[in-house]
C-alpha cells in the first residue's frame, strides 16, 4: 500500500482551518504490524481513517495493490472495505442485538459465505482468542476485554488483506491490553494479515514491528 | 443480504419489546375501532336501504309518468292486466306488489293529520318483503270483512290512536269527489322508513278500489329482482316494453340513501386518514429514536463495510414488522368485533327515538365487507411508509467517521 | 320574553281538481313576526297583516302541490269548533320557504282574527308560543307554568315538543363521540409511546437519581410533574390554535358551493357550513386531551420504576 503526498485540511478556507496532515508519503508491505503513534492531535487517527477510506484526503493519492483507492466513490469504497479491510475501534464496536457468534460471522454473512464455512471460521477464531465459552452471549453480557477480542475476531474473520485498529486498547486494563496485542500478533503471523494501529499505548508499541511517529501532521520518525 | 437485515430488524424489535408492543397495540386497537365504525356506519345505511326496498320501492318500481310529481290519481297505471301478464313471465323477477295510494286527511275524534292511504295485498306484501315482520302491535290482518287497517306507528302516535281506534280518512276519489271512509286499527307497523311510519295507512286493495271508485288500476308496482347485478337490464327491458311508464330503480327513488352511503364512505376515509396520520406519528417516534440511539452502531456497521442499503432495509423492515403485526392483530380483533356486531348488534336503546328519526332501529348491526380489510391494510401500509421517510433521511446523514470520532455520542 | 297565541287546525285545501290535506294556523301576524322566522321565510308575495281577511300564507312545497301562485284563489274545507263544516275561499298572499321540507309542504297560515270567524274560535287558541331571550330561562318557565295553568293545559319546552330532533342531535353526537374516541385512543398511544421513549432515554439519569437516594415515588412525582408542565403548555397552545381556527370559521364559514342545491330538500338552505365557536366544547376537548396526557404516562413511569437501580444505571 502506497500513500503519496497525502494532505488533509479540515474546514479549508474558513477561520477554523486546521491542517491535520501535510505531505505524508508512506509504503506498507504485506504482513506488516505497524503502529502510527504520536500525541493526541498529531493526526494519527486522521491518517488511519484516510487509509481506511472513512475520510478523504484533501490532496494526494493512495494505492492498494495497484488500485487507486482515492479514485473510488463512497459506495465502491464501502464495498472495498467490506471485502478487503477489517476494523477495530476503541469500544462498543459490536452490534448489540447480535450474539458474539453472529457478530463474528456478520461480515462473512454479508459476503455470502456458506453457513458451514462461517461456523468453522468462528470456532477456529474463538479458540485462538479464547472466547469459545461466550459465543452465545450478547455483547452487553461480556466484559470490555472480551468485547475487544470479539471485535478482533470479526475484523479478521473474512481474512481481509488489511486490518485497521484505532486505539483498540484505550478502554482496557493493562492485562487485557497485553493479551489482546499478543493475540493480534499471533494472528498477524499465522494468517499473514497486515495490521496498522493508531495508538500511543505502550503495550501496542511494544508489540509493533514498525512504529511511525507523527507530530503536527507530519511523520517525524519511522523505525 | 436482505436476510441479515431482516434478522437484525427482528432482533432489534425484540430487544425493545415494550416499545414494539406499544406500537403494535396502537395500530391494532385503532384499526379494530375503525373497522367496527366502518361496519356499523355501512350497516346503518344498508339497513335503511333494505327497509326502503322491502317496505316500499323493491329493487324497481313502476309509476305512471308524472305521478311522482303530481301525486294525482289522474296519473295512474291503467293497463294492469298487460303488465301483470308480462311480469309473470319474467324469471328474473322474484315477486311484485301492486299498490294504489291516495293522499288525504286522516282523523280521529281528537285530531286530524295529512296521510297517505294505500291499498295493498297483505299476502303479496309478505312474499315481496316480509312486510309482516314490520308489525309492532296487533295483527297482520285487515279483519274478516276487510274493514280494518294497518297504521304507521308515528302516525298512530300523533293521532293519539291505538289498536281498535276508529279512523276516518277523507280524500278525493277518481271522479274528483271528496269521499270519506272509516275503519278500525288492526295493527301498527314500524318500518324505520319515515314515509310509512309517519304517514301511511294500509287497507285492502279491494276496499281501496271501492273507496276511490277505481278498479284495475295502481299508482305503484314494485318489483323484487333475483340478481342484484341484473337490475339495470330488467329496468331497461321494462322501459322498452312499457314506454309510457316510469321505471325507476330504488337508488333513483331514494337518492338520499346513495348520498348517505357516499357520505359515509367519505367519512370513513377521513377517519382513516386522521387516525393513521396520528398513528404514523407514533411509529415515526419509535423508529426515529431507535435510529438515534443506534447511530454509533450503524456507523460502525457502515465503517466495516455494511452497505447503506442493508441498514436502510433493516429500518424499513423494523417498521413494517410492527405494522404487519399490528395489522394482523387489528384485522383479527376488528373482524371478531364486526362478526359479533353483525350477528348480535349493538344496543343503543337510549338513543332509540333519535335513531328512529333516521329510520334506524335501536339495535345496530354491522356490515362486513372484504374491502374493509384491504382498505385498512392500505392505510397501515401508507402510515408506515410515511413514518419512515424522515428517519431514513436522518440515517442517510450518518457518516461512518462520526462513530469513530465519537461525535454523535 | 315574547308570546303569541296560535289556533291550529287540519283542513283540506283545493285548487280545481287538486286537494291536499294541510295544517292551517291562525296567527297574529305582528306578534308572530318577532317570535318565529315565518316572516323572513317569505320568498314570494307578502307576509300577512293584522287586517287581512281572506289571505293565506302558503308553504312553498304546499303551493307546488296545489299548483297555485300568489294572487290565485284556493278553497278550504275543515271542521269548525262546533263540529260544523267550515268552508271558505282564500287568496294566496305570500309563499314561504323555511327549508324544513315537511313544514313547507303541509303548512298554511291565515290571520287569526279572520280565521276565528269561520272556525268559531274567537278568544280561543290551540296553544301559545313563548320565546325567551335567555335559553336557560325556558326550562324554569315551563315548570312555573305547569303549576299555574289549569289541568287541561300543558306547558312544553321545545326539547319536549321536538323530542325527535333533540334525540336526532343526540344520535349525531353519539356518532361524533364514537369517532372522537377512536381519535383519542390513537392519540393516547402516541403520547404514551413518545413519553415512554423519552423517559427511557433518561434511564441512566434516573438510575443515578435513584442511586443518590430518590425513591420510586420521588421519580414518579418528578416525571409526573414534568408531564404536567408539558401537557399544560401543549394543551393551552393547542386550545388557543384550535379556538382561533374555530372562531375564524364561525365568522367566515366554510363554503361548499352547490351544497344548498344538492340538499335543498333536506332543509339545508345555505352553501356555508356553519361552524360554532363554543368555549364549552373547546375546553371540554382540551381537558380530555390534558387528562389523556397524564394517564398516558402512568404505564411508562411504572415500567421505569420496575428497573432496579443497577439495571437503570447500566442501561444502554
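Order of writing sets the labels: A, B and C. Residues in every chain begin at 1.
Simple rule for what comes next: contacts are C-beta pairs under 8 Å (C-beta built on N, C-alpha and C of every residue); 3 or more make two chains touch, one makes a residue touch a chain.
No experiment lies behind these values; they were computed from the predicted model shown.
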Any chance you could check whether A-B or B-C wins on number of contacting C-beta pairs?
-> B-C
Could you name the chain whose Cα mean is nearest to the mean of all protein Cα atoms here?
-> B
In angstrom, rounded to a whole number, how far apart do the mean CA points of chain A and chain C lie?
-> 74
What is the distance, in whole Å, between the centres of chain A and chain B, each centre taken as the mean of its C-alpha atoms?
-> 67
Cα centre of chain B to Cα centre of chain C, whole Å, reads 25
Indicate the residues of chain A shared as contacts by at least two other chains.
-> 96
Residues of chain B that touch two or more other chains: which are they?
-> none
Where on chain C does chain B make contact in their complex?
-> 9-12, 14, 17-23, 65, 77, 106, 163-172, 174-175, 178-179, 181-183, 185-187, 189-190, 192-194, 196-197, 200-201, 262, 266, 303
Residues on chain A engaged by chain B in the complex (per definition of touch) = 45, 49, 52, 54-55, 75, 78-83, 85-87, 89-90, 92-93, 95-98, 106-107, 109-110, 112, 154-155, 166
Would you pull the chain B residues touching chain C in the complex into a rising list?
-> 18-19, 22-23, 25-26, 29-30, 33-34, 37, 40-41, 71-72, 74, 103-107, 111-115, 170-172, 176, 178, 256, 259, 271, 274-275, 278-279, 281-282, 285-286, 289, 293, 348, 351-358
Which of the residues in chain B end up touching chain A in this complex?
-> 1, 4, 8, 11-12, 14-15, 294, 296-297, 300-308, 310, 399-401, 403-406
